[in-house]
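Letters A, B, C, D and E name the chains as they come in the text, with residue numbers starting at 1 for each one.
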């Protein structure tokens, strides 16, 4: 491997490209091997006396494999993303859009709530002492497990469709934001705070001129976590609530009809979308904080 | 001292008043159609309780008394939360199929204790705990390997990024396919859920030791393993503990949700799901209470261990000072 | 409104004591401190690490409350003085805000106090020039060396033109040459404006060069050992003064005072 | 038009074709109704939706409806388009199960969430324990699919004659590889897919009239399904927002559904009702489905008004 | 095995250059540096902030690689010297490990090198005594003042008895009195043991007092301006030496050299 590295142009060898290529290749090879190994049982039952190559081929082209080969997933992704008519339920983009829209609404609600809570907790000692332990405890409630109850309960007060899913997303993402933001608001050191005191600055000025700017790196770090959490929240909220569209519904339908490929395709699509979401937050962070990121 | 005792007595008195109001809301005369005056009373009592809490939290205290005060404030707040819940459910006559009263949940906790224990063993002690242990251990192990072989780490970065963006819960049906119905498939989901946060945080923690501190080890001609044991692992502990705490909440939730995709007929997720469908929400909430108490206790234990092991870290020092 | 417009001492400290409560018991940081600062005085505090110099400054600035005793600043309580923005404070650390450029760090106090934009920029320009940082307006603090950051924080205190300057080891992070230069600059500024200054340093030479009065302190608990008058030295000073016998004599007295109060070993 | 919300018990599929047809063909509009059909899912308990006011009328199975009734949600059956049960237990022949007597010690996949009652009743009748004790059967909470039987994780799984059974076939097992036990033939059949409403609302004559129109139009839809299963399947497919259903499967399902229907007035046959109640009462056990004979659990008022 | 057991210079530096690549282009930290250190020499590096003193020390310690030129330490390459634990390094910051007590911080190098426990404790006791920290063995670093932390880090370098001492501004954080005391201690230690020392300071007085040779540097790019010989001063020194004309003469030469190379304004 070293010889290869030396033979390659310097930049390639020194950068991340080569390691990524090598590791990805190993990973794919491992996957294909695993696909043969795991699917062997399914083939053996049906057709016997195959030579090694046709055996591998068979293992990589099963309809309902235990582990589909990567190219099968890619093919499924391509079919469901680009071959199916746009805007129809058969096109995966439709489902990504549905999940994304409730993710974004939930994210907006959760982030707003998280920031307000953090400011409240920062301002009021009573609120901090009373609320903080319960906020931590609230995260141990398996909200995802009671999503159906939540959805029906919300339905009974007239909240339907996108909103219940968004509320579950918001529940999952307000906590990291509140914690991160509270940390950020408390992050200025005593010298930085004392400086404001020497200027006889009030609480509001201290908040806008010192605490808010100081908390931005913390906020963005937790926004990334929150974006991923909101997305997972939206997907999982779709699982048990009988949502008809969305990536969660797609996973469920795949599972219901034993369509392994559809599950994998939905999973990969979800991972890509989540990466994009986190990427978008990172981009905003860059724009807001400059290339130095945290700036310290 | 006097002020503290007085305020705690006041809080207790107000809680007694709240209990009376709750009993009133349950009485046939009020249940389901409490008059406006009643609600006004509830509001008043609650405002008084909040004011007492504000005063309590502002009371100066040191040492033991401060500990008492810091415990009393959230406890009083929590008790009132439960009281309000009880009063609203009873007083407004909310259907038990939508939201049961805390008193009913409590009763159910007692009656169904054996079932709850069996479910707890299946989901928390087997799936969640074992999955958590494996996930955390392999996360830390993988981080060490990645640290030892930077080539691997650089190559794995994008794959790890993508994998950690997977909604891991979606793996549950696949895991059932691979590992069967019983707890191992749930533990596998928990492993997948906890692995990445632990891996990422450990990697960050291993990078946390300062350049100067590392130069010091270098100036002693210390190798990778020695530097790891004497410097980088201790310096990484705060990060690792953060991940372990996060993973502990993920683990129980993951194990519960994974049971949606097929289980033997025991387990917290199984119970929540089937009882919810039968409209026995008191049982559902009883399971949730068990999950929250167990989750908080585990989290608390980890936090205590963290404080002991990272006593030197500024964030811990500040709290004890 | 600045303290030296009033009659009486600029700062009057009477039987001041401070102790901090810690888990291991109380720490007596200052005990029974009395001090008078006349308007236009330049007073240096010198003493071993941990003797309470910073604590004393913080008390004057109303960043800490005394356990006993009183402080008056031009007749006002420290809190009122702070609220009237009677002083500029240079901390031991630069305490620059990393998300603001050097210029916007310097204009920060003016922003808080609501000065118009044009004035803010003009004042920033001037005070950055005074500390030799012209041309670094658009840089961020982390792009400057430690010494330059400290100078920026001095510029920030100068930009907002208070009658009383509180400076806590402002030149600690600088090398000798730059330090000498800034000593001269600070001296000239003080001489020209007639501000009152309270100044902390570890350097005997610096203390003697800048001050009209040198307060020598001793630790555990922090006390004033001696107040040495340096007004015998000329009011206008240049670096050469440091080689004169008068200067060396005052320096010797300071050193003796320090040694007397020193608690090491 | 008067609004009506219908909550289905399961995802959009030909099992509910009658309602989709009635909506698509304008039978509801003809009656002056504006019907919204909400699909269900694995963890949608229609009774809970009804209790929460999320629907006017629901499709549910009678065992869970009666259980909900005992737990304080007063469901009343207003019509019963499905005459026969489609529920079966499907076993692998190679597991050695030939008759119910062979179940002992075997692993059986069962649906929960209120759908387990007929199974529990049956096992009670056979004298088999379901709590995991060695003298009984090992019960699995079956997921959404039939993988457990395909992968030999279970010896038998629950199937509907119109749906999961065919998935087993599609999964590669031949009918000869399978032994099926339809509940109808085991004498433990219970009524499935009835229409239920909240008892309190039935006091309102206007509501009864509205439901009468709804049932009438729905039965018209079911009659259409019985005659044109293929077209009904196509209409169902159109209504499917998940995009996961296939035409072949839906056509087959519509054909199987037609065998279970009673395309008359939709009125509940009291004999069927009695049989269901007896089966459930016989189930007993530690957590009985129902403990006493229900009263007022069905009404003919709506179907009478629809005539 | 220690360098001064060998013949030839303890450190020999030949046409050494270092530049750092940064996103804004390369920074030339050192250019064409030549330096010889005889075994038993005490060599001080002095120069304005950023002139490359620390960089030069790090190169000797094999913590940085040169862009051009060679370094030999008692005939060995820096890497070999580091692996043979030929030097003790005191960094500009204390770099104590917060999870270890002061004692266990001091024994850290001995642990790495595999010394038996009893010897570790005995050596720690001795070197903590040397820096005046007896009685603080069980404390944690954050419970000590900055100056005490710096002293602990000196004790750590002394505990492990290398023939070559690299000290980067070890006394920067201390007050004058303590600093004077430690200057005397360090001088006596050096005198007694005959170690070779490379020492960075900002204080002219300190440099002259301790050194046999003073290297004056100038910044951008870092160069040696002048090497001033101080071996004319007596080998055994006491604080009073600082008032003698010989001492003041050497100090003046250093100051002039510094001023010549200084790039400020």
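Simple rule for what comes next: contacts are C-beta pairs under 8 Å (C-beta built on N, C-alpha and C of every residue); 3 or more make two chains touch, one makes a residue touch a chain.
Please read all numbers here as calculations on a predicted model, not as lab measurements.
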| item | value |
| --- | --- |
| Touch-network distance, subunit C to subunit D, counted in steps | 2 |
| Chains in simultaneous contact with subunit A and subunit D | B |
| Which two chains share the largest set of C-beta contact pairs | A-B |
| Mean-CA-position distance for subunit E and subunit A (Å) | 51 |
| Separation of subunit B from subunit C, taking each centre as the mean of its C-alpha atoms, in whole Å | 50 |
| Residues of subunit B touching at least two other chains | 98, 173, 177, 260-261, 273, 276 |
| For subunit A, residues contacting two or more additional chains | 148-149, 152-153, 156, 240, 254-255 |
| Interface residues, subunit C side, partner subunit E - complex | 47-50, 132, 145-147, 174-178, 181, 202-204, 255, 258-259, 262, 264-265 |
| Touching residues (chain side subunit E, partner subunit B) in the complex | 58, 61-63, 82-85, 87-89, 91, 93, 95, 97-99, 108-109, 111-113, 140, 142, 160 |
| List of subunit D residues in touch with subunit B within their complex | 42-43, 45, 47-48, 51-52, 64, 67-68, 71-73, 110, 112-114, 116, 130, 132, 138-144, 147-148, 151, 153 |
| Complex contacts: residues of subunit D adjacent to subunit A | 11-12, 38-45, 48-49, 51-54, 143-147, 150, 167, 171-172, 240-244 |
| Residues of subunit A touching subunit D in the complex | 46, 64, 84, 88-91, 94-95, 148-149, 152-153, 155-156, 160, 240-245, 249-250, 252-259, 262 |
